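Right, one structure below, let's go through it.
Chain naming follows the written order as A, B, C, D, E and F, and within any one chain the residues start at number 1.
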Amino acid sequence: MPTITVEGPPIPDIERKRQLVKRLTDVAVEVYRIEHITVLIRENAPENVGVNGQLIADRKKK
Amino acid sequence: MPTITVEGPPIPDIERKRQLVKRLTDVAVEVYRIEHITVLIRENAPENVGVNGQLIADRKKK
Amino acid sequence: MPTITVEGPPIPDIERKRQLVKRLTDVAVEVYRIEHITVLIRENAPENVGVNGQLIADRKKK
Amino acid sequence: MPTITVEGPPIPDIERKRQLVKRLTDVAVEVYRIEHITVLIRENAPENVGVNGQLIADRKKK
Amino acid sequence: MPTITVEGPPIPDIERKRQLVKRLTDVAVEVYRIEHITVLIRENAPENVGVNGQLIADRKKK
Amino acid sequence: MPTITVEGPPIPDIERKRQLVKRLTDVAVEVYRIEHITVLIRENAPENVGVNGQLIADRKKK
């Protein structure tokens, strides 16, 4: 602990995942003053996320 | 917010996902009287879910 | 399974919780064609939720 | 309920998943004295998990 | 990682929480062969959990 | 989406929560290049978290 879970769209580029983990961890270390931080990245397919009643997959088609 | 996460078995048909997102959102809008609703659908493989100590994958084999 | 988790603001009225659980369950039963549904309601204090970088607690003050 | 969610690395062997579900359930039944237990196993790719600011995927390369 | 989250009813007795954490951890260490395990216990009020469309709080009243 | 959930110990100071939300959001906006970010802070009581088989509450007693 702390554990940070990020739910978002897929991130195709591992360098961006590296940045995300590194920078979220830096923020958490400073705010919590605790060293041991875990980050989980969850990549959600556009057909599994709905915003305001509509699938992201359908929004993109337009 | 609100965010609704649904953990369930795989849904093979995108039309059913569309219905799920649309209808869960309608309920949440009415009950919370808030417009911005996100729905996350999680599809769990039968070998990653256990009910009462037994994998769903094993139950299906019988 | 399925399990539906709703993250939202506090709901002060148990009758609205009753409605939320009842109606989300009805939707899930129809879409999944599975009878056993669990719903978890999470009530988040406004000082523990940030939207677009700002705490809900701060937004309300204005 | 109760529902136990395990976030971990991939488990390549279904027999180990079987053991995990069986044994976590046994513990929960004893402690909660409730029979109906669900276990969800989540397998996280090493490029989606960061520990102390570093992706597991990068740690393994060394 | 691994992180084990247990969603259940309130546990009024800290000794039972101690047992829960100790024993879930033992199982996870054996199955994952990883030493660092975190367990989160979540206690859900009966008015925030619905099973099959009914709040636990209402079920208890009968 | 994206939604960032932080599981950690209690944060007694709202200014630190403000900082946490603001800075996690800034990171997410940059990495995802998406504007709409939600952050949920979860504060876990020391008797509800176990690390390596021991409750945090017990560790503090020593």
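We adopt the following convention: contacts are C-beta pairs under 8 Å (C-beta built on N, C-alpha and C of every residue); 3 or more make two chains touch, one makes a residue touch a chain.
As the structure is a computational prediction, the values presented were derived from the model and not from experiment.
**Q** Hey, which chain ends up farthest from chain D, C-alpha centres compared?
**A** C
**Q** Pick out whichever of the two, C-D or C-E, is joined by more C-beta pairs in contact.
**A** Of C-E and C-D, it is C-E that has more C-beta pairs in contact.
**Q** Counting residue numbers used by both copies over all numbers at the interface, does the chain D-chain E contact come out same (over half shared) or different (under half)?
**A** same
**Q** Between chain D and chain F, what is the gap in Å from one C-alpha centre to the other?
**A** Taking the average C-alpha coordinate of chain D and of chain F, the gap between them is 21 Å.
**Q** Nearest whole angstrom, what separates the Cα centre of chain B from the Cα centre of chain F?
**A** 25
**Q** Please output the residue numbers of chain A that touch at least 2 other chains, ranges allowed.
**A** Those would be 1, 3, 7, 20, 24, 38, 44, 49, 51.
**Q** If two chains touch, include that pair; go through all of them.
**A** Applying the touch criterion to every chain pair yields A-B, A-D, A-E, A-F, B-C, B-D, B-F, C-D, C-E, C-F, D-E, E-F.
**Q** What residues of chain E sit close enough to touch chain A in their complex?
**A** These residues of chain E touch chain A: 1, 3, 38.
**Q** Going by the contact rule set out above, which residues of chain E touch chain C in the complex?
**A** Per the touch definition, chain E meets chain C at residues 7, 44, 47-55, 57-58.
**Q** Which residues, counting only chain D, touch chain E once they are in their complex?
**A** Spelled out, the residues of chain D in touch with chain E are 1-9, 11, 16, 19-20, 23-24, 27-28, 31-32, 34, 44, 49, 51, 56.
**Q** What does chain E use to touch chain F in their complex?
**A** For this pair, the touching residues of chain E are 14, 17-18, 20-22, 24-26, 29, 35-43.
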